[in-house]
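As written, the chain order gives the labels A, B and C, with residue 1 at the start of each chain.
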Amino acid sequence: MAAGFWDYIVESMPSILEGLVYSVKLFFLVGIITLPLSMLVAVAAARGPKWFKGIYKVYSWLFQGSPLMLQLYLAYYGLPFFDVILPVDFVVITVFVLCFTAYQSEIFRGGIISTDIGQYEACQVLGMTKVQTMLRVVIPQTVRKVLPSTCSQAIVLFKDTSLVATIGVGDLLRSARALVIRDLRIDAFVVVLVIYLIISSILVAIFNKMEKKYSIYV
Amino acid sequence: MELFNYILTIMPMMLTGLVTTLHMYFWSAIFVIPLAIFFAFLKVSGPRPIRWILNVYTWAWRGTPLLLQLMVAIFGLPTIGINISNKFAVAAVVFCLNNTAYVTEIMRSAIESVDKGQYEACQVLGFSRVWTILRVIIPQSIRIALPPTCSMMINLIKDMALVNIISLMDLTRSAYIISNRDSTISPYVIAFIMFLLITSVLIKLFGVLEKRAMRYD
Amino acid sequence: MSQEVMIKLVDIDKSYGEVQVLKGVNLEVMRGQTISIIGPSGSGKSTLLRCINKLEAINSGYIEIEGITVASANCPDHPMASAAQVKSALGKTGMVFQSFNLFPHMTVMQNLIEAPVHVKKIPKAQAIEIAKEKLAEVGLSDKADAYPSKLSGGQKQRVAIARALAMSPDVILFDEPTSALDPELIGEVLDVIKGLAEQHMTMMVVTHEMGFAKEVSDRVIFMDNCNIVADRPPQEFFSDPDHPRIKAFLDKMLTKHG
């Protein structure tokens, strides 16, 4: 490593930290909106009217079939052509939510439709309403069943927040790239690599714990 | 009509971009599965130091964003004196190593999920451990690993959109440049549709492949 | 024993597409009776049970529970009761399934209080008291906090019976309650059902356990070819099988089960 690594890091830390804060904020905001939204979409896609299933299919094809980066470009560069000027953060969050809801609702839908028919019958003979059956029996089981895939989606989301750097939003990666290009030193990349590694390892550890906790009923 | 004519005029450049993207996909994808099988084999039965190195490899490559890996390779390495002029090759290597890390883990867990009875049967028959893994365990685990591997390979085509940041004229970059030059959104829409078509075709292709592989079940 | 009619089925037809499952079935169940329903597989036993609590819709005929018409098809003389009445009548039936259908994400106690609290709106503390009582009745007081995955098949089915009992039903429908169990676990479940019979709980039990049918039930119903072929007290039924198909069936069951 080049001389003065630590001095350099200390000096560039504020801008890297600023980027980190943005990435973490984006991650939580998108996650908090995506999870309940995906469940709603999944319930409607699994049990809802036919027209909704049709729309859902097209939606999920559009957003799962194209790269998130291109979706970001299309929204960010495209909307101004229609004289739609929205705050960048709003555009970014909306695109991320739409994209990740496409993946997550498919995961939830799979869990809902794989719920044993006997569970529905048990609810029916106990006199539970359809809404009670969904809220108290089917959804809690689905959430536990799809926990592993949901966790890996969360890790994908955290890594994908780095894509916003390409449209000039100041996330972790953009801060680092600016530093590397300005100072022609690789150090900032090293720091950011380490930060990503630490955060994704922490996420993996948390999720493993959760999976262990919720797997006791199977 | 005007729009149609415009699309015709930009089509050659878009198609050149598409070819670059597909070209990159080919070189990124072609080595993934053999490498992943090899690495997974080493991970379950290789010597300890190699296992340790491979663990670090899959952990580090799966724990960081692909875009960052690309940037480190393209912008970072030259600052420490590693200057490779062929950016295409550098990017292909990054894509390949990234995807291989994921598929290696898929293969490894598939190998570990093969029934213990298979190992016991091989032991009773007097097979060596290496022979057991090569001839009995890996052929079975490939079929277990096939569906998630296919979805990784479909993901890889979407990852190709990242190529544009290294100023290679791929599909996404062509769209970006034409859109800037002509102040229009249509190149992005065309790129979007092209990606949709390619992923749909790949999903079909891998679907057929999975069906063929599973026909003994 | 009182002769109050608890469940009444009149001219029930049921088919799945082209396949006829029930054809002109008539049946009356008196309060306090235990009825065993036996017969070869595919004879419509389970479907009969599942029509009573409307898990399956009938194609023709009508069904009454305690005088309330809960299902009616092609019977203008016997229209369905109001939705509220039907709901309340169905609420008096409980069911125990072959595959238990316990809620895997809830503990045994949560399984037992779920419907009392959220359907009958009983205060939680009271529901817990009832649940404890029912768990004691099936001999599983120590398993209240266990998850179903930690129980044996026999224990699961006893919990399922307790879950049905916790709703204080007037009648319990058992759909092959021991068919999914290992042979050594069948006894503990049948003992629980036998205990209920001694308390004069009204029960309809679809079963392959001839010993149980003979010993515990007040009536044995033999079904074959979409209909009821015999409906007699167990002593008569087993000692004097008056129908060639019953004889053939019993011979087969007895050789199979020793």
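Here is the rule we use: a residue touches a chain if its C-beta (ideal position, glycine included) is under 8 Å from a C-beta of that chain, and two chains touch if they have at least 3 such contacts.
As the structure is a prediction and not an experimental result, all values here were calculated from the model.
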Touch-based graph of the chains, sorted into line, ring, star, complete or other: line
Chain nearest the overall Cα centroid: A
Identity of the chain that, by mean CA position, is farthest from subunit C: B
Inter-centroid spacing, subunit C versus subunit A (mean Cα positions, whole Å): 47
Distance from subunit C to subunit B - Cα centre to Cα centre, in angstrom: 56
Whole-Å gap separating subunit A and subunit B, where each centre is the average of the chain's CA atoms: 21
Complex contacts: residues of subunit B adjacent to subunit A: 59-60, 62-68, 71-72, 75-77, 79-80, 158-162, 164-165, 172, 175-176, 179, 183-185, 188-189, 191-192, 195-196, 199-200, 203
Contacting residues of subunit A [partner subunit C, same complex]: 116, 118-119, 121-122, 124-128, 132, 136-137, 140-141, 144, 216-218
In the complex, subunit C residues that touch subunit A: 53-55, 87, 90-91, 93-95, 97, 99-105, 114-115, 118-120, 147-149, 163-164, 167
Subunit B-facing residues of subunit A, complex: 2, 61-62, 64-71, 73-74, 77-78, 81, 159-160, 162-163, 165-166, 173, 176-177, 180-181, 184-186, 189, 192-193, 196-197, 200-201, 204
